[in-house]
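Same chain, two partners: subunit A is paired with subunit B first, then with subunit C.
Here is the complex of A and B:
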């Protein structure tokens, strides 16, 4: 059994320690690798890096919109499926489809749909909404990725919610019915409180996943984070610092900042879920 | 268990809601599929169904991009290796943490919990440097070894084994089996649901992984499909008929697996969800 633990040590824990070391170094990648100790200079630089602030703002906006939207959509879909629908399994298998499709393929399909006179704009025009140049307009490029990811992640959480809904004891609803509670009241006062632990899990997974947005931005913008930095995310910025600018030490410092933000946000979320009396 | 909180007369609203969402789910795929059968001239026109159904796009991607099959092989090979190694190591480590007594057990457990909180991006740069110094960039082992163990699933397996009835193992020990035999013949066969859940997640994760290959693979022969597909997009800008045909080819293998094993996919999600 110990080889497994050794493996974990070598390929997970050692890199974390190595990353701490790196974040205090200036790294030169010329043939060999040279290190120069720069103390906290990498961390001091974080505050003055304009592109980092843009990336943080984009990522925060993305998390703030996508996490609630996908959680609510997942809950609505699960509650609908659980309301005594025929063929529940078939709907579930169908809805789950985007979840099994690779992010690369989904991004390519959506880039094609988002084309200037593509399917999405045709649909928008048909219902009388304004159309946009989704791929090259900095105002909407990130929103395009948001729509795509809400669409593709919600079914995953829907399956989790559905399983949790089916675990709620039926007697609770029967008792409520006797007391004269209507459908909405039952949902509000039985279903939602019963789902709290699952919702905590869904939101936590959502936060961790959305903060790490990379594939979609990279493919959308060809690695640049464009148009005009509109799709630049923190992970994409880390990638750029490593492979465009070869500033590995600084990139490691950004990675730690991201880790710190994710941990803090998750802890805050945990407190909210622990206290808020429902 | 099903129950109804809505009167029958409202039921049809739910069906309409589901049908609308089913359309929203399916349309992108159908649009991609129909585009992959269109000649270029119809791609620009933007009608939903092809007027002149053609298989040329598929023929073209195999002719113009001879590496396509190689990418397919790379993706499958790497995903299978990563999955097998992970199942072995995560299950063993999880079992060790749940059952065996060894020095520093508590320390290792806390360490694994700590590792869970660290996003993959933190270890990405060190992993890159370590692989570079081993000379493993652009190689299969570079793709397989760093991903052969996963703290999340060690934790999941530990939780699973902790709730496992001890009596079976004790009976096996009385019959003279050693720890390794107990693990192999008694525990693993009974841990099938947990292992299936793990296998689905790890295989899909590796199959779809974009960040690690984009960082460590740079020769087209070594590309996995997601990376190849992205290159393809760069080469055939606005040839959406080719890009969609390639995308469909990439989706097909997983779709086939999904059609037959969708039960396991959905179970795997509920399994991790329930344990969280």
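Here is the complex of A and C:
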């Protein structure tokens, strides 16, 4: 028991406590480490930091679009695969490939695809849609990352849905068929309610993952969060404050804000999912 | 009482973490460094820098090998940081694991100089080192309160690169000497060859980045930062200067690299999508290697308000104040920034020497491609933004792009950027 407590204490509890300690300090790092207690000044600064609000807005927008989109896409992909189409295994591998590719590599490949003369714009032009400057137009830069992430994370949740779908007893569908329910009614009144706990898991993991968006926007913008702060996320901002500006205390305060937001959103979501389906 | 307990607990944890991290670090810190007093064993110096093209890396390694041959008591271990050099370097300085000597961009110098992590070099200078031989615009970035912390290893200035074939096609005989001529030429050079409504060649390629623009502000008496280190570019003078590239862009005779699917100004120029670009000497070897058929020439940046102006970027060698081999570290810096070492390094052609005597010895002041660049160093604006450069540069670049895309008036963009930068600086200083 004691090694477990020691491990947990050293690598989980101690860093959390140390982060709490840091968030109340102004830390001088270069040329001799010094701590200065500043009480709630770091937290007061949160309210006046424009870039933090931009980062929160970007992150919230990202979560609000990516989580529903990837959840619905994952469900559709899983339902399609579960319906027993031909070459099921090949489709499964094809769908799953983006998820096993490193996100860094994916981002670099997508930056080629998003190039002004790249594949994506050529495809858009071919079907007669307007083309965009995906990498440097502040209006669409974040959307580019959204598309990329929906495409690459949906298959992961698809696998989870697929496992859950195969767990739903056949007898439920047979009974419904005898009662004269059509395919859509079966999906709506059997599949969806049966998948409820899994959907909670998928949405919760999706929210936590998307709130922590970092690597894609870091690579996309070369660490700056540009163009015009369009790809600045909360975690990228924390990174900038720690490693660029060496303001450890303030960065810890932002990290706490982020943790608080994720906890609150998850609690709200639990409340919603706990309600009885009517 | 509760506060005391918390503080005690926090300190306890902090010290636990310190002990753990020290135990991990201690053995590696001693590796490869011979203890003091054993004079017969060579001292190993760590030299930190960033990577560049393979050709430059080979050349630099050759310079270091030459140094080792003439200084048998010193071995140099080159530590190359592949990406995000300053982030890595700052972290290593905090962890007392930084190299003895390292590259430092003039842009990042004020922050490190004021944080007392660099060794002042004045005491090491000897008359035969000939400090006066360095260009003063290149020494100034490494001085703070009259103390010298670094020596410029080389520099790059900006000049006008123009496509000779495009000029001949448009019937332009001479490169533009003034900004008005530049704009008139850009108008004639903007062409839609296949008449599909999309330009195939733009007159001027631009980069909307503060690093390339400060001299435009200065032409009208504007500045990027005030003497207190706060952003000060939201002035009528700076606005006038910046309009020199905003207007042509909005008129459709200037273009940014992403608009034409290029990654850089030099690439856009090499591909013929921009007939003129204002780029640095790094463009010369790049263009010659990547676009061997391209006929191009250089000229000094056109005069604005009848004043010459350009930007100069420099990188210096600095010494870590924590280094345990300071005299050997100085020997290395003295060699690399000395007349011999610098001639060997800048003879490769990708960077310009920071010593006037070396520029003359290499005949760069008479080289048709490089002489406009060398001439620019004298009147150039060094690229430096005070202690909080990232806040100023990012705020500016973010707002400036939206102004150039006509999403907001330039005046408003500059004011917003200045407020945002100064707010960040104020928050960081309190």
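Methods note: the second predicted complex is superposed on the first by the 272 of 278 C-alpha atoms of A that agree within 3 Å, B and C clash if a C-alpha of one lies under 4 Å from a C-alpha of the other, contacts with A are read in each partner's own complex, and residues count from 1 in each chain.
Keep in mind that, in the parts below, a contact is a pair of C-beta atoms (placed from the backbone, for glycine too) under 8 Å apart; a residue touches a chain by one contact, two chains touch by 3 or more.
The structure displayed is predicted, hence computed values, not measured ones.
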Between subunit B (first) and subunit C (second), which, if any, makes contact with A:110: first, second, both or neither? first
In the overlay, answer first, second, both or neither for which of subunit B and subunit C A:84 touches. first
Of the partners subunit B and subunit C, which touch A:34 in the superposed model: first, second, both, neither? neither
By the touch definition at the top of the document, which applies to A:118: first (subunit B), second (subunit C), both, or neither? both
Pick one for A:61: touches subunit B only (first), subunit C only (second), both, or neither. neither
Based on the superposed arrangement, let me know which partner A:183 touches: subunit B (first), subunit C (second), both, or neither? first
Between subunit B and subunit C, point out the one touching more subunit A residues. B
Which partner chains sit in contact with A:255 here, subunit B, subunit C, both or neither? Use first/second/both/neither. first
Dual-contact residues of subunit A, meaning touching subunit B and subunit C, are 14, 18, 33, 115, 117-118, 243
Spell out the part of subunit A that touches subunit B in their complex, as residue ranges. 1-5, 7-8, 11-16, 18-19, 22, 33, 77, 80-85, 88, 91-98, 100-106, 108-113, 115, 117-119, 122, 151, 155-156, 159-160, 162-164, 166, 170, 173, 183, 186-187, 198, 201-202, 204-205, 208, 211-212, 214-215, 218-219, 222, 235, 238-239, 242-243, 248, 251-252, 255-256, 258-259, 262-263, 266
Touching residues (chain side subunit B, partner subunit A) in the complex: 1-6, 11, 14-15, 17-18, 21-22, 24-29, 31-32, 35, 46, 48, 88-90, 92-93, 95-96, 100, 102, 108, 111-112, 115, 117-130, 132-133, 145-146, 148-149, 151, 154, 179, 204, 207-208, 210-211, 214-215, 225-226, 229-230, 233-234, 240, 243-244, 247, 250-251, 254-255, 258, 262, 265-266, 269-270, 273-274, 276
In the complex formed with subunit A, which residues of subunit C make contact? 9-10, 13-14, 16-17, 20, 84, 86-87, 90-91, 93-94, 112, 115-117, 256, 258-261, 321, 388, 390-391, 394, 397-399, 401-402, 405, 420, 423-424, 427-428, 430
Within the complex, subunit C is touched by subunit A residues 10, 14, 17-18, 20-21, 29-31, 33, 41, 45, 48-51, 115-118, 133, 135-138, 223-229, 240, 243-247, 250
